[in-house]
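Handing you a structure now.
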Amino acid sequence: MSGNTFGKLFTVTTFGESHGPALGAIVDGCPPGLPLAEADLQHDLDRRRPGTSRHTTQRREPDRVRILSGVFEGVTTGTSIGLLIENTDQRSKDYSNIKDQFRPAHADYTYHHKYGVRDYRGGGRSSARETAMRVAAGAIAKRYLATRGIRVRGYMSQLGPIEIAFKSWEGVNDNPFFCPDPGRVAELETYMDELRRDQDSVGAKITVVADGLPPGLGEPVFDRLDAELAHGLMSINAVKGVEIGDGFAAVSQRGSEHRDEMAPEGFLSNHAGGVLGGISSGQPLIAHLALKPTSSITTPGRSIDRHGNPVDVVTKGRHDPCVGIRATPIAEAMMALTLMDHLLRHRAQNIDVRVTTPILR
Amino acid sequence: MSGNTFGKLFTVTTFGESHGPALGAIVDGCPPGLPLAEADLQHDLDRRRPGTSRHTTQRREPDRVRILSGVFEGVTTGTSIGLLIENTDQRSKDYSNIKDQFRPAHADYTYHHKYGVRDYRGGGRSSARETAMRVAAGAIAKRYLATRGIRVRGYMSQLGPIEIAFKSWEGVNDNPFFCPDPGRVAELETYMDELRRDQDSVGAKITVVADGLPPGLGEPVFDRLDAELAHGLMSINAVKGVEIGDGFAAVSQRGSEHRDEMAPEGFLSNHAGGVLGGISSGQPLIAHLALKPTSSITTPGRSIDRHGNPVDVVTKGRHDPCVGIRATPIAEAMMALTLMDHLLRHRAQNIDVRVTTPILR
Amino acid sequence: MSGNTFGKLFTVTTFGESHGPALGAIVDGCPPGLPLAEADLQHDLDRRRPGTSRHTTQRREPDRVRILSGVFEGVTTGTSIGLLIENTDQRSKDYSNIKDQFRPAHADYTYHHKYGVRDYRGGGRSSARETAMRVAAGAIAKRYLATRGIRVRGYMSQLGPIEIAFKSWEGVNDNPFFCPDPGRVAELETYMDELRRDQDSVGAKITVVADGLPPGLGEPVFDRLDAELAHGLMSINAVKGVEIGDGFAAVSQRGSEHRDEMAPEGFLSNHAGGVLGGISSGQPLIAHLALKPTSSITTPGRSIDRHGNPVDVVTKGRHDPCVGIRATPIAEAMMALTLMDHLLRHRAQNIDVRVTTPILR
Amino acid sequence: MSGNTFGKLFTVTTFGESHGPALGAIVDGCPPGLPLAEADLQHDLDRRRPGTSRHTTQRREPDRVRILSGVFEGVTTGTSIGLLIENTDQRSKDYSNIKDQFRPAHADYTYHHKYGVRDYRGGGRSSARETAMRVAAGAIAKRYLATRGIRVRGYMSQLGPIEIAFKSWEGVNDNPFFCPDPGRVAELETYMDELRRDQDSVGAKITVVADGLPPGLGEPVFDRLDAELAHGLMSINAVKGVEIGDGFAAVSQRGSEHRDEMAPEGFLSNHAGGVLGGISSGQPLIAHLALKPTSSITTPGRSIDRHGNPVDVVTKGRHDPCVGIRATPIAEAMMALTLMDHLLRHRAQNIDVRVTTPILR
């Protein structure tokens, strides 16, 4: 249990290095009878795929996923689902020069101290390339959740200093930023072009929302829905903060303002972000995540080598100037996986529960 | 696995309702030979205990903890440690009026939909009273971590609108707010007195820091140290946001600013908050958490009853006007439990690793 | 996760030493709404209780269990259930003489090497006294299973050299041996009286049966129902072997004899013991377990002390000359816990499955 | 957690159907720095491989394993290890006739009721083909254990009615039965030839032994070493019984005979099979397992189809007349995986323990 598995009942276990022969995953616990094809996974993989605009890394990976088991005659069988993506554009030569150096703000130094040995090619296991398998597995979760009327969607809510107010879901997938306001896309493009000129990188904020949730998902105490969601989102490369609902804004709010009152026609507000006492309320589940600027910039950085000597590190290779740009499908995947797991956990224990109290939205 | 267990190797499983006969916990996986007495746990329990200042709930609970197993002749034996705290000041009568109503922003409505039945006395299992056992278990973790030179401490960094810059660890435990600047305590007291007069509540921000960590704790991919820490902190009642290091400020930072450069004499900054690639760097581990204002205020709130009819709910009983005030020891406990678990997980796999690269701080 | 927890969804975590102040357990994952009282647990605890006949240890423990949480107004709430039994008849003085010696065939030597420290009073954590909490937790599982028409029962099928053919469930609980043939009880009593005279002990074989099971419980590959059951049964003190159905007799059977054919009116035999491919078939689930003779006999035994010097050990104290005699309720408990866990796991994933194929018995 | 993962710290998660494109596994938690090549896994895979003698199925599978991650420059990196074996000789046509029928004593009927859908080609996921990945993963465990002086070996101790007394480890791998007595091999061949003529199958008994174990492995109470081993061994296809040490023979033994006395020069016997109180004693760990006769015989069998109608089923395809013949490497793998997991678990908690008491063998 070295951390390569997510979930308790709907579990995803992954493997694969940035420059190894392949990435893979095993999805266990999927309910049987779900129609599933490789194309269902490919859709989200394509949304995450590098090299689709000038604002992301120019590494070219088709990220073509194969389903190797667990699906028979077009539906899931309930047994474990094997997934595989072969790496095709690896160019290891880019990385040999940093074999004995620790790139600042990367995992090089910490992996070295933890394991004593590391695959230094493109960050090896610590590369965000690993997130492709999250997206593939998340697509399976999304597909099942959709059969229950649950939908998970995300968008970019801030790029560097530029805050982006949510306008509409329409068009979010039609621009390279997952920007929810088509009128702001040009501004973002200009910003990114300048950033590349500066040979620098920048952070971003992503918002993920699930709607159609039943009330009742999440476990009291340690495995609250929001706690597990924070776990999942914070486990994405470069994430430094997670908020549920109003998040840090709640610090300066008063109880009379923050508490979401209820009426027969529904909740009167959603400061909580869809979770009360760690359990879904039926309102939209809302989370925000902060991604740091990628550390792979061409501006030289001070560091040490494995002997403790000072070095100047220049990170070549092909990198995203803003990892947040491709993070939206990954964040959606982690929310979908969390919800799927809790849906199964909830019904294991509570399937017999029948309440007549109306569900508020 | 209904969510009452935290940790993979150093595990804490808890039980107990706000108004039941007792709270309890089983701590499993503690290394043997650790000197441990009830007084070691009592210290932190007393820091969390209600009724010690006029700014917290007036419920009087001695929170006297008993160790029922796992300790023999003053040291841990390696077997499971049973802990028990009896509830003494319960006054159930305060709550019977809300038996069929859902207090706004409480877990009443979500527990009702999840389980169909609930202990409505003081929130039952959803009461923050449950956190007493976290603190007791966390004290065991702290004690072991101390033998490895690791120290976990917290303080209040914001009370409602009042931001509190860190001044010094000295005196943090000498005021009811865990305020790290003695000069600001009077201001906080005044603010709280006004708040009580308004019959309202407010949020808070807590900062927790661990120092003395070795590099290498945390697992790649899903069980990153920061992800598990986010899980633990977000699982505390009322928490709505978690940041590691610069957190949401990283969104608008550039890579050249955020990345922590290294030199033979140490890291040149700590924007990362002590974690790189999900693994501890050896720098201080820094997390911030946002707590929402408590929902139990005496100002009436709109809600529904179990039949869906509109009601006005007045929450009587004895409540904290700012749950953040007593949250510091709880946050410390969750960080200590997370670190303890990862210390054991790390050495299970990597105990043989020997690197000669110097450790930076 | 030092081994004090059983189950994945319906979990039991226990603590307590033979001569500590109390034993306890936390049962997590119990479905809500189940009527439950302490008396429901007490019934099986009384069946396991020492000192009820001259053939078991003369230690007098009322084993009075208290439910401390998770039950409200007579039904389970879905939250964790805290259980506590106080030890009342401990007499630690009996054990101080073996503080630095290792009783042959006990866990003294292995605990010493594992932990470096141990509670030597009555075996501490390794005492079979721990099984009281299994029985208490198992009683909760039995109670839920009963609501689904599933019944778990056991009997003694061999005492030392005396094989006991199953006659009838009636009367099994009316003799101290759980002997399923009232006509054989006198023979068993005579055997035991002689054994005590010889100051020796003997092994036993127990059979446990569940009927009313739906087909489908158990998970393919590693978590087969029979594999998890073997885990649970082998974890009982003194168990050295587990068989499912025909067990070791299958070694010399031919396929044409062993395979259970099916017909519209039902299975034509049950060599498999109710499990096919690790999944329940709907036939009675049948397991046998072998218990070794207790090692605590008054005949002196050769051993070493903690310095490696040879010693002769005489085990005083009060012991069962045949631990198998009280093992039937414990084996039932472990089967009930295993089934309960798999019932929840199964429905988490497969609740939507509808097949029209008739269920065979 | 649908049962496709084994282990807590050194975990193996598998996927793959008998007639799907590939089998795969993810091994997580392997310590870094272990020299590892595909050839290390291939050795045991070849021992298990079908079609190497006339006594096993004639399906021809090279079972060529690829390591896709977790190994870099010849050593493990500590990250998850992806393994893949492609299926090459599938011939699905053999199975289409039994699509709607349930072969007696197979998992067809139980999978059907559990999942409502199944891959009927060659048993799909329930096929023993799945054990190839256990062997591959077990080979990694063996390799690490070897660096600690621990060796896991097995042999056939009974074929149908023919009991085989252990003679010597030498030559065990030089005959198709893993027979530990070269003088008996001809007898076994004759027996098998007759059995094939009878178009029948037969059971077998396998014995697995680990030596070089340190005392201390295994966790008290539920996760005893023998309990987890029973879990692992019973999870192998066709296994119906597991014994530790004397196993069921202990039922009729007396305590004075069974208990293994100790002397400064070592244990005086090993009835316990190397485990006391669930924890390894340092003596050889000994387990026996009973395998039922394979149910796939060409003699027609009575059964029903999915509508409940009676049918006669003839199982064609290519099958092992005694699955026990190829079971030895699989049993070794499960013991190695169990030991590896417990080695890591033990040192996580107890690495600091230092005792001066001599280790007995």
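We just call them A, B, C and D in the order they show up, numbering each chain from 1.
Going forward, a residue touches a chain if its C-beta (ideal position, glycine included) is under 8 Å from a C-beta of that chain, and two chains touch if they have at least 3 such contacts.
This structure is a prediction, so every number in the text was calculated from the model and none was measured.
S.K.: Measuring centre to centre with C-alpha atoms, which chain is farthest from chain B?
M.R.: D
S.K.: Please determine the option from B-D, A-B or C-D whose contacts repeat those of A-C, over half of the contact pairs being identical by residue number.
M.R.: The chain pair with the recurring interface is B-D.
S.K.: Averaging over Cα atoms per chain, report the distance between chain C and chain D in Å.
M.R.: 26
S.K.: Roughly how far is chain A from chain D, centre to centre by C-alpha average, rounded to an integer in Å?
M.R.: Each chain reduced to its C-alpha mean, chain A and chain D end up 38 Å apart.
S.K.: Indicate the residues of chain C shared as contacts by at least two other chains.
M.R.: 1-5, 8-9, 14, 29, 32-33, 78-80, 114-116, 125, 220-221, 345, 349-350, 353
S.K.: Could you list, by residue number, the parts of chain D that touch chain C in their complex?
M.R.: 1-6, 8, 14, 102, 104-107, 109-116, 125-126, 130, 158, 160-161, 195, 198, 200-205, 214-224, 226-235, 237, 240-248, 250-264, 268, 271-273, 275-282, 290-297, 299, 301-304, 306-310, 324, 345-346, 349-350, 353-360
S.K.: Within their complex, state which residues of chain B touch chain D.
M.R.: 8-9, 29-33, 78-80, 220-221, 344-345, 347-353
S.K.: Give every residue of chain A touching chain D within the complex, in rising order.
M.R.: 1-5, 7-9, 11, 13-17, 20-24, 26, 28-29, 32-33, 66, 68-70, 72-73, 75-82, 84, 114-119, 124-125
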